[in-house]
Structure formats: structure tokens, C-alpha cells
């Protein structure tokens, strides 16, 4: 098959990071952001062939986004440049040492105008895995349609479909999300959610066991529950398996969930068993939280064991 | 009269300045920008009471804008916070040493949603001078209506109305601008334009003399033509008067026109004759181009003579 | 009453912050500092009308200080510009991760030359609360007289007087401080002190209970004891009430005491009961320690609950 | 043909740029550098398919170099990672406003270990143009052999070979360079040299006319002489053609010659006549000198006319 | 005696520190580094006369290194400038919050070309203490010979010789190191090692007690075992003494071992007993880890008690 | 003679440089400043033995100053640390591209408290040249006495005394300066002044020829008149000699006069004739103006010819 190992699509954003309160007016550093781009980079760093599709503004900021994706070796052949819409932006403010706050300016952006036709060439090329998130359907009616179409098309073609719920409360309500994501999950083989997101792909307020049972019954083969510093849980037909988080000093949790998913999918592409896939998932999550940036500190393949048996403050020389 | 010396209104923007190409991803520094805000600050620095009105987003970026205006002593009592629309943004890229490029992301912004009702309280409070620019009518139908209403209301109340043409080709065409600005100029006592903007308040392609004659005939008492490094010309019923630019090293021309206008209006408020008003206009213009930023280097009153009889490289100590 | 909610006075300093050892010569960032200015900003951010009085140098640095106060919405109408004295400075060096060191250059500064006449207009305008600290009397004989006069005048006019002991060992000894602050406390309704400062407004070495009893007996209605990461205690005629600190990651404790006081006074102005005042006090203290800067991270009113029920690393989006 | 439009090879360096004297210890910013990489990027920005070959260290710095090349869309498929040799470095110090100084640490680097075998796959894939510089043969005996082999192989295959003399006096003497580069020029269709380099591909000290005549006689079809701010001259069988430099403010001349060459080759690939090729050459040179960085300010295709008919200080908005 | 209190020699490196991943291309800050230079600075800061010898490149980077040593008051009279070899470099990357990674580019450097003749004048001048590390013998055969000659010469002259094992796994293997360092330790009075380095001066894999016994039997009078956050142990003929680490927040452990050694040697020079020497050793180690940089945060003599009885977040003012 | 080649004394200041207006609150970078320190560094860079004497605060800022002087190889053995007075400060603001403004905070500083006793040891050690400036007598009565005593003592001992008038209008008036400096010049062999300072060591308003004649008559052997970008003039008993400035792009003129003086004195110490001394003087002046900083860009001896026959934009590689 000539397609990439992983195909993902969604909105790539320019994240403008502020070291202190935005109102103080300090310098902002631009970064590529977006859950799907994070996953693509996570896989590309490990040597997998990853492709990203979507709409990107045809201006300097859009070019910035593509430069970053290309720098990381992500295939952007199927990205569509949109000459009439601006780049989606987010301001990421470190409000306190423990609390990060996001301000979106993405309404009407190029990325939100995604449509089915934008994805046709990429889907036609095929891929071993298709990854999508619950953010895309929140962007516009067209993006919602495109996400559904892509999931269904890929599933029908035998591609493994992975859905990360990724609820964004500033984009839509939990009820609105549930109404869209629950049917979408029906196309997925792998569903990823943090523990408070699981009932967005099932009955509101149901407990984890009930929700997982329902998903497995609907054809999902693996449900991954992200639990932050406490690790993760995987549910399959064979039951439940837990994985502890790696003991690292967390300095920036943004992107950790995407790193986790990338690690899991990398393990899948490498043919690892569930324990191995989970191990890689929590390893990538650990790299993500142990450094600043959404994806900048993710490991190359030769670095996968770097966090094993280290002491705080170690120096490699 | 309890109102301020100057009232102005329009869109205050967050200008994100990049020291190099935007695509390279270097740090961006946020600045308050906007032609009308620049004029208000220019006057406040000289000790005049200046007020700014308009809509500003009710988020961190809007608060940043108000912090800057307040820091400069501009009265923001009549600014309306808009909880549902984002801040208008511009990316300002130093593309080459000689060429600056602006990327706007202001469509649908809080500032563009300006309406007549937003301006009623400020107009009711009165002012000696009302300043507006040709940017505001380009933002939205509502803003266009608000600008016209304010100009007419102020003129009727005997307030001196100043209009700076300020054509923004990324917002509208010359024809669209002319259709709106020509009638608007009819309410103005002072019209300011760069030499290539003058036919936006008159017949397309007409020569300067014809255009000025037409404006004076329509009740404009002073027409100011900005000519960059070559200085400026003023036309009144008494004829034409030229003013040379001050000989300074220009490092950033953004904001120079607004500084010029602020200097002129300051001279008016101080009761200077035309020569004195022009002298102050080109002095403020010189301060603007001699330092970085749209308004950051404008002079306080005790600094007005700072650029006189100086040699390059002088140190005051 | 036309006066502000809070009037405070004292020395506003330019704090030059160094990220590492001063001797290494790294860049310094200027900040507005001063315990009283911190309190004024804390209240202004919450929507109270706060005014600051005092002497500020009539140069670029003094203008910097006023720009910051105005940016935060603090009324500086009654600030006196001093053309003959420089700005007070402090160098703030992060000596180690846990230890911050201050180097003052404030002897002979504009702020230290404060006198009774400087405060008359502000006192005449009235206020609901007058806040002063034990720093002002340490600056000069004139400042000492002015502090005493203001406290007495305000108390006589029925204004609630709040005194924060704020001992600065680099300015005067504990004995010298005690001799001045003990009588000053007699004009106060609210006395704020850290636990090792309490005997500067009473008998040297006495225990907390004895000292509090003495203060209450002398007419103080509330004694607030700041205990850093362990929270705070309030004593009134009704007895003692403890408040725990909010569980946040502390990165910069400078300004925490002032934030605490601002929170308490905000609660007072809002008519909260003692529990509510203390809750707001520790909340503002938490914001102060959870971010860098003396006051930069203090909350706006809509942010007051931001630290409640958060997990480390949370992202709001 | 499946090969790229341009193939080039050589050493990609990490350039550590210092804003002031190196001895003062200010921050250094890493940049991708290297004459051949500059040419590849110049072409890729204009939409040509450009490929870079060579050896790059298999460490963090080598990865940095590849990230930059990929970001710019340069094909690095045929780059060989060298696990045993470090990245070549250069320190670039702005010694005075007019004078830049380079300190190389490239002896024994991965790039200098280039050999014929490293280039075989890239040459086998073919290309419309092969570009090489006189730097590569200065790096090592192996690199010298590789350069000669590649030029000869490509010429034989009918690929247009372009040689830029690019003398580096810190790497070898003029005599040593001449002995190697003169025969190498015999394989080239296009020879590029600054006016003081021309006699490195001919008789020492000969005048320009004699040298050009000799080159044309040896089969070179075009000789391009770079003359800095005075423009350039092209010699062909049809005689001589001059091109003036574009009038821009020069802030950084590093990389200007490579930009010139990239512009010329882009014109060739687009099928322009000599005048058009020269026009594009001086246009790219102007972009290079008008901004900071070796290649960072080079134009995309839609920017090619950006410097035409501009005034200093223009703002596009 | 006219010689310094301490003489040390070795390679001074330019350490280029990166705040994030090197591949991301952020700014690098140059620092003087090198275990021996760290020790010299540690002693000079405490008022001891410290001298550094070795070879340093005769270029801008070498001058940078000497500027730093001189700034700290280290005598560099006997440093030899090497006109033909470059400065040794290291890139120091903060890979994660807990893990620092070093990339050396020091092969063939000026410092690695150290020879016996370079050290003759410094040894002839004499010193109370000679300090050397196990890094120098790893640099080259000449440096190995020089280290051995210096240790032997000094020991014979009655100078106290201190050897810090300082194994660098990127420079040589444990077996290679052991073969060289074991005989070298025979010249030392004081041997310093981290707990996993101790068997590099004795039998591979032997336990601590056995190894210490062996060293004492061979004439070493004191063996110091560094145990990071757990403190240190000293062994002498009188038995074993433990010292706990000071309770500080560790932000950068690079240089901590050198600081420890400097503290111990300072105590020796001041005539302190073993407990006092250890106390000073762990004190300097605490300063090193509590701030950023290899040596930048080491204490002056008047600061030695600064970390005693402090609370996290204390401010001295 | 065991003394240094040059002895100078005066106040070393911490100069806090701002890239933009001080009121905007941007970062400040600390630099060592002071006319005499600049001269000492200029000579030390050229390999002369230079010593600086004076009082320096015994705090972090004083230590910063000494670190800088030591880094440059200036002997600070005779500097006195003052435990009771702060460091002298200056804020250096780039007000416009052409105009720099200084704000002093040096009243009561350690440096201003200089007295005769502080200088005795340094004078006793002797030197070939004693350099002093007209700034020192402006600092305090004690400093005035010390300057006079030192000039007289040195002259009597046969040391060449050099006086640079260096009028600082923010410290004293022209009349006050003249009254002190005119007699002081009587001890000098070399008097340096800019063309508008010359009548501060003679009759007010007298022309250059008259003033020079008077100085020569009073025993001054050489009068040097600095004329900025127009070069300099030297007057001796043999008449007048002019030297043109080197053609460089001037970016920062601060320190240029001191560099000029250092160059002249270096030529004197090297035994050059007047033409050679002037040539070196204008060469150092050119280095000073061609880069940022008071002394940071001064040349080492091997760089003296670096500015000869260069073109703007040259790169040395």
C-alpha cells in the first residue's frame, strides 16, 4: 500500500504562548498546535510515515504551520490552502503555575471550513490508521460532515479508525458534543477519552464500566481512558489493563493526551501487544509533560528508553 | 464644558509585531494599535484631555488594550466591552529593512461591531475636537453608520471635526472608500490625507489643486496633505503653506501620519496659528519615525524641542 | 461621598528584577513595586475605586511608575511629582530557587520625601478605607510625620484605617520600628502582621495572645496574622478564626502579604462577614504566590473562583 | 524525469549568530547555513523541486539541520547521517556595524567527510541542474574527489552543472583553490564568481576579459560575475550583459551571492532569457541583503515583485 | 610561598546552554564550563587564591573563557593560548525537566592538547593544593601524561593532591578509565568520587568498604563519596563520617560535584576539621543545585550561611 | 618600575541600557560604564598594563563592576569597597535613533565619596601615565580634592598626566567646571577636550587658537581636540596636526571620546610619533562608534587594522 502509516486531519492552529498574564503584554511565541497535528508529529518522530490533511490559510501564518509540519517530517501533500480565510489562533496563557488558560480566535478560520472534498484525495491514498478527534466536528457543519464521512469511509476500507474525544468546552456543550460523537464512535476501532469525557460517547452520567461495555458492544475494540498523573486504563474484549504514568516532573501538560494516543498508535503500527502499546503510550505522555510545548519534547525512536531508571537531575555525558 | 479636549473613536487593535519574517516563527510583541488610539495618545502625552470610544473585546486581549490606553492617560470611560466578539488583531511583519507588511485578522471583531448607540454617551459629553478616520467606515455597515452619525452630530454641535482618510486597501477598494468618504468629508472642518489618498474624498484621478478647491468649497476649512519624508502641505482659504519634515533618521514609519494629525490638533487646541500647528505636526511625525512603535516614542510636552538642533549620535548627560 | 473606596499612600518603587545573580549582569526587567501600590492594584482589579498618593520623581522612571498605576485603573490624581529627587529603586535578585534578595537604592528618593502637605488633598477628598504600612514611617522623619497625621486624621473622620506592619530590616531596626509603629497602631481598626512582626506593635517578645489582647484593648477591631503557606488567623472581639492557604504551587512569594490585605479589604468593602473576608484574603494571596511578579497575577473579579477545585496542570479551553 | 529540478550537495553548517562581540558572551541563535543549502532553499521557495545531498551528523545538531531543510521543502532523501562525526559549526559575529567575522569549527565534521558513495544515489536519480561550490573541495580529499566525480558525472549525463567559486580563505589558499577549481570549472556550464574570485578558475592575476574568454573557450556557456552593491555581469558567447542591483537598504550581506545564484537558476528552470535570469538573480540578492539571515528573507514566488517601485518605509496594509 | 592556594588544570569549555530541545533551534547562551574551572571559581569566590592552567584556543571563544575566569578572580597567568586548535565545546540541552543531555565537540580542541610542558611553570610556582580530575586523562595521550606528571610532581613537593574521578562515559569506557585512574589515585591525598565511580580507582564491582580500604592502604588520606541529594560520606583513617545535603530546591545539578569539592578544599585551606570541611562541601553543593549554571550561583564568603534556617520563598529585605 | 603602564581613577557606574523609551518598561541590560574605566579597558585590550582606582559599593552591583574590570584584565588591586554607600547608576535611554538620553542616580554613591587616602596606595605604586577626567571633580568636594592631589603628585613624580575635560552638564555648570578644571589642567601634559569643551580649561568663549596657546604656555605639551565624525586635531609646540575619522557606520557614539584617548595613550606608551598616536586614537574611536556599548567593541592589538580597507557588509571567512 502506498499510503502513509497514519492519516489524520483537523485544524492546525497557531498557538501564541505567553509566559505570564496576557494583559501584561509580554512577548508571545508562536507554535504549531492542534491535537491531530500533535499525534502526527508524535508518530513521525518515531519513524512512522504520518500524513496530515485539512485546510490551512494561504498567508504567512499558514506557511508557518506547514513549515513546522514539514520540519517534523509530516506529509502535507493533501493540505488545502484557503486563500479567503485566516489561520485559526489560540492564545495560551500560563495564568498561574498550575493553571493554563486558552483563548481561541478560530471562528471562521480556514481550518474550520474543512469539507468532504478536502479529504477525498487523502482518503483515496489510504493509510493503515486514520486518527480523528472530537474537535473537528465542533468546528462547523461542514467539518462535522467531513469527519463523519472520513471515519465511515476509512472503516469501510478496513483502515483502523481511532477517535479521541477531546472535548473543548469553549467550542460546544457536552450535550451537543455527545449527540455528534456518540454515533461517530461507532466507526472507530479505538476510542480514547479522559475519564471525564467518556460519557460523551455514551449515556450522560453513566459509570465507566457501563460506558465501556456499551462501546465494546458497538464494535469498538479498544477503549483507552486517560487519567493524567495516575496513568491510563485500556479496555478490550479481554478485560481491563492498567498502566501507571512514568514518574517525571510535570511542567506542561498541554499535548499529553495526544502524545499518549500517538504512543498507543505507534505500538499498534509496530505490532506490539496491548501491554507494549500502553507502555509506549504512557512513555510518550511522560515526555510531553516533562517539557514545555505541545509536541516539541516528544522522543525520537532512539530516545524511547531515556526516561527509564533516571534520577531527577541526571546529566548524560 | 466638562467633555475632553479630544474625542476619537474607532477600532483599537492588538498589533503583534515580528522582528523578522512571520514564517520563521520568532517571538511576537503585542502592542496597542489603531490610528485613532494613536492620535488620542499623541494628544494625551502633550497634556490634552483625550478620550477614546469604541467596542473592545471582553477578554484578556481587550483588557490589554485598555491597560495601554489608561497607562497613557486616555479616558476610556465610554469604551464598551463586547463579551461575544474577539479582539481585532494585526500581525506586523518587518519583511525587509524597508518594507513592512500587515496581516489583518479583524473581521467580525468587537471593534468592527461599533454602532451608533455605542457612541451616544461620548458624544453627549461633548468635546472640543472630534477625530475620526476612514478606517472605521470600512469595518462594517454599523460602523459606517456610526461614523457618519458621529461626524454629523458633532459638526452640528459646533465641535471641530477632523477626518483622516487613512485608506486601507486590505479592507476595501478605492472606489468603495470614495463613495463613503466623500460625503463624510462634508462634515469635517479638517481633512487629512496622504497625497495619494486625496482623490478618495473627491473626483477620482483629479489633481491636488482641484481636489482641495472642491473640499474647501464644501466647507472644509483646512486640508492637510501628508508627504512622508518630504513634509506636508496645508491648504486653507488663505492659500497653501508648506512644512518640511524634520531631519531625523527614520526607523519605523508606522504611526507617523497619526502623529502628524495629533500634532496638528494639539496646535489647534493650544490656539497656535497655522504655521505653529504645522510645525507641531511635523515635529510629532518626526518623533514617530525616529523610534520603533506606532506611538511609543511620541513626545511629552517638555520634549517637544528635543529634536531641534541636534546632531546624529548626540547624548544628553 | 466622592472619594475612592480605598486611599493608600507610600513609596512606589521601580523594582529591577533579575532572573539570576546580579553579579552576572543579566537583563533586568523594571516593575512597579511598593506594598501600598500592590494593595491599591489588588483592589482596583476587583473593581473597587482605589487611589494612591505620594511623591514620585519627575523623570522617566516616575512616569513609568504612573503609567503602571494608571494602567491598573488606580487613581493617581493626588500624586505629587518631585523634580529634585530620583525614583526609589530596588534590585530584586533571585539568589537561589528558594531565596530572593533585595538591594534598596531609595535613600533620598522622591518617595521618601513625603510630607503632610502632600497628603492633605487626598485626605480631604475622603475614602471608605485608608491603608498604610510600616514602611512609610521608616523612610524619613517627614514621612513618619505624614503617616501619623494621615492615620489620625482619617480615624477621626470615621474612615476605617488599616495598618500593615511590613517590617523592612534593611531600613530600620526592630526596636526603632516598634517605637514608631506601636502608637501608630492605636489609630488603626485593622492591623495586619506576619507572625514574627506582631511584637513590633506591642511588647517585645510577648506571645501572640498577649499581643492581640493588647491591640484589641487599644481599639483595634481586627488583628490579622499572616502565616505564609500555613494560612492566616484573624482575631476580633469575637475570638479567633483561622483560614488555610489555598493549595497552589508557589513560585514567587513577593507581594503575597499585600495581596492578602487587598483581599481582606475588598471583602470589607463588599460587606462580607469575617469568614468571607478571610477567604478572599487567602484567595488573593494564592494568586500572588502562584505567579511571578508583585501584583501582576492578581485576579479580576470574574477570576476569583479560578483556583477552586483545580488540579495541577489544568488547562481551561 | 523523476529527479528534482535542482540537486546540490555540500556541507550544511550550524551557524551560531551573535548580535555583538563573541567575547562578551551574549546569546547565540542557531541557523542552518551553507552556500549550497542556501541555493536549494532559494529555489524551493520559488516552487522548484530542490534536493540537497551530503553527510550530516547523527545527533541533535544534525537533526536541527534536517528540520530546517525539510521545513523549507528541500528534499533530503539522499542525505547520509554520520554517527561518528560532529556537525560542522560556524560562529558568525557582527564585529562592527559594517564587518562580520566568521569562526569555523568544521574540521573533521560529518559534512567534510563527504565521499563519492554518498552522492551516487542522488546522482542516479538525476536532476535538471546540479549546483556545487568551491567550498566542498576545500573540506577534505574525499570531498574534493566527490565534487569532481559529481560534476563530471552530471555533465556527461547532460545535466546543467553550475559552479560557484565561493573562495573561503580560512579553508585554503588562493593557489590551492585555483589548482582544484580550474579543472573543476571545465565541467561546468555556468560559473559564478565575485570579481575578486574570477582568477581562481584561470590564470592568477589575469584581467576579467581574459579570464572570461578562457572559460568560454573551455566550454562554459555562461560566466556570472557578482559585484555586490554594484550588481552583476553575465558573459556568454553573445557578449556581456550588466544588471544593476535593486536599490534596497542592505542590513546583512551574508548569503547574498547564494541568493543571486538561486535566482539565476530559477530563471533558467523557468526558461527565461538571459535578461530575465539576471533580473531574478539580482532580485533574490536584494531580498537576501535587505533582511537578516542567510536565507530567511528569500521570496516566495508571489513575492518576487515586492521590492519593485517601493519607497523606504512603505507599509502594505 | 608565592604560589596560589589552589592550582588546578584541565580543559575549560564553552558550554552552550539550550533552554529546550536543541533540535528546535532556540537561543543558546555561552558559559564557561569545565570541572576544574568550577573548582577554581568556587575557591576564588571564597577569597582563596586560585589558579587555573591549561591550553585555551587563541580566538574569540578562548578569549571569552579567559574573560570569565578573570572576572571571577582566577589567576590565568599560566594558561597557554593555542593558535592552531579550536575551543572545546559542549551543548547542554535540558531534554526534560529532570534530564540534561550533553553533546561534546571537544575532540582535537586546544584544551585536549595539554602537555607536560604547558604545566611546568605553574607547578614550579607551587601551590598549597593541586586539584585534578579524571576528565583530563581522557582527553589525549599527552593530557594523560601531563596529569600523571603533575600529580606525581606535586605530591613529591609536598603539595596536597586532590583527584576527582569525574567519569565521562562519552569520552572513555569504565575499563579504560580504571586502568588510568587507579594508578593516578596513588598520588592523591584526597580522592573524590560519586558512589558509582568509586570502583574506577579500584577493583571493578568491589563494594564501597573494600574500595575505600584499598585507597587508604595506598596512601590516600581522605576518600569523599558524593551521594547527590542524600549528601556525602567521608572516610579517613579515623573511620567514616556522613553529612546530609542541605534541604534546598534543586533546579540544576550540573556543577554540584565540583562545588562540593571546592567547599571541601576551602575548608582544608581554612584549617577546618573534617566535620567543618564536609559542612562547607555540602553547603557549596547546595548553592550549586539551587540555581542555574555550573558555578554562577556559588557563594561569596559572606554568603556561606545564607541557606541556613531559611524557608522556601524567603525574601531578604 | 613595578607600577602599571596606566593608572586611572574615578567613578565606575552601572549603566542600565534601555533599547527603547524608559517609560515603556522594557528590559534593561547592565553594563560597566565610566569614562576612566573605558580608557583603562581600551589600554588593557591592547596589551598595556592598566589599573583602575576608586571606591566601589560593597554589594552585588559593586561586585558586578569589579567582575567586568577584571574580565578585561584591568588591575583593581587598589579599588576600595565602600560598605555604606550604593553603586552609582545611570539609565541610558535610546530616545530616538539619533538621540541618547542619560538619567543619573549617582548622588551620594560610593564612587562619589572618593578621597585622597583612597588613592595613596595606587599613586605610591607609580605608573607611566596617570589619566583623569573632569567628571571626578564634579562628584564631591572630596573627589575634587583627590583629583587635584593625584594630578599634582603624579606630575611631580614625573608621570605623564592626561586630563580629559569630559563636561557633564547634569553634574555642574560650565562656570563651576571651569573654575576647577582650569587650574587642574596646569598639572597635565596632555589635555583632551571636544571642541565645545575647550574653553572650560581657559577663558570663557575664547577661540580655539587662543585657548590652545594658553594651555601650551602653562606647560601642557599636547592639546587634543575631539571633533566627532570630523576627526580630531592635535596641538603641540610644533604646531597643529589633523586626523580624519575612519569611515565607519556609527551606531553608538557613547564612549567614543574615551576610546580616542585610550588610543592616543596607547600610542604614547608604544613610543609612536604624534601622527601614529593620532592614527591609533581615531582608530579606537572608530571601533567605539561602529558597535554598541561604551567599550565592548574596542579592538585587541591584532584587530587594530581590521577597519582598514574594508567595504560595508564585508564578511571575514
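Going by the order they are written in, the chains are A, B, C, D, E and F; count residues from 1 in each one.
The criterion applied here is as follows: a contact is a pair of C-beta atoms (placed from the backbone, for glycine too) under 8 Å apart; a residue touches a chain by one contact, two chains touch by 3 or more.
Protein names from UniProt, one per chain: A, B, C, D, E, F = Sugar kinase.
A quick note: this is a predicted structure, and the numbers were derived from the prediction, not measured.
A.B. asks: Which chains sit in contact with both members of the pair subunit B and subunit D?
C.D. replies: A, F
A.B. asks: Could you run down the chains that neighbour subunit B and subunit F together?
C.D. replies: Both subunit B and subunit F are touched by C, D, going by the contact rule given at the top.
A.B. asks: How many hops, at fewest, get you from subunit C to subunit F via touching chains?
C.D. replies: Minimum step count, subunit C to subunit F: 1.
A.B. asks: By CA centroid distance, what chain is farthest from subunit B?
C.D. replies: That would be chain E.
A.B. asks: If you list every residue number at the subunit D and subunit E contact, are more than half found on both copies (same) or fewer than half (different)?
C.D. replies: Comparing the two copies, subunit D and subunit E contact each other through largely the same residue numbers, since over half are shared.
A.B. asks: Given the pairs A-D, B-F or C-F, which one repeats the contacts seen at B-D for over half of the pairs?
C.D. replies: Matching more than half of the contact pairs of B-D: B-F.
A.B. asks: If you take the mean of the Cα atoms for each chain, which one ends up farthest from subunit A?
C.D. replies: Relative to subunit A, the chain whose C-alpha centre sits farthest away is F.
A.B. asks: Calculate how many whole Å lie between the centre of subunit E and the centre of subunit F, each centre taken as the average of the chain's C-alpha atoms.
C.D. replies: 40
A.B. asks: Let me have the rounded angstrom distance from the C-alpha centre of subunit D over to the C-alpha centre of subunit F, please.
C.D. replies: Centres of subunit D and subunit F (C-alpha means) sit 46 Å apart.
A.B. asks: Approximately how many whole Å separate the CA-defined centres of subunit A and subunit F?
C.D. replies: Averaging C-alpha atoms per chain gives centres 62 Å apart.
A.B. asks: Which parts of subunit C, given as residue numbers and ranges, touch two or more other chains?
C.D. replies: 21, 24, 63, 67-68, 101, 250
A.B. asks: What's the complete list of touching chain pairs for this entry?
C.D. replies: Result for touching pairs of chains: A-B, A-C, A-D, A-E, B-C, B-D, B-F, C-E, C-F, D-E, D-F, E-F.
A.B. asks: Considering the complex alone, what residue numbers of subunit F touch subunit D?
C.D. replies: 248-251, 287, 290-293, 296-297, 306-307, 310-317
A.B. asks: Show me the residue ranges of subunit E that touch subunit A in the complex, using the header's touch definition.
C.D. replies: Residues 20-21, 24, 90, 94-102, 104, 168-170, 228-229, 250, 252-254, 289 of subunit E touch subunit A in their complex.
A.B. asks: Quick check on the complex: what are the subunit E residues that touch subunit F?
C.D. replies: 63, 67-68, 70-73, 300
A.B. asks: Which of the residues in subunit D come into contact with subunit E in the complex?
C.D. replies: By the definition above, subunit D touches subunit E via 16, 21-25, 27-31, 59-61, 63-64, 67-68, 86-87, 89, 91, 93, 101, 103, 105, 107-108.
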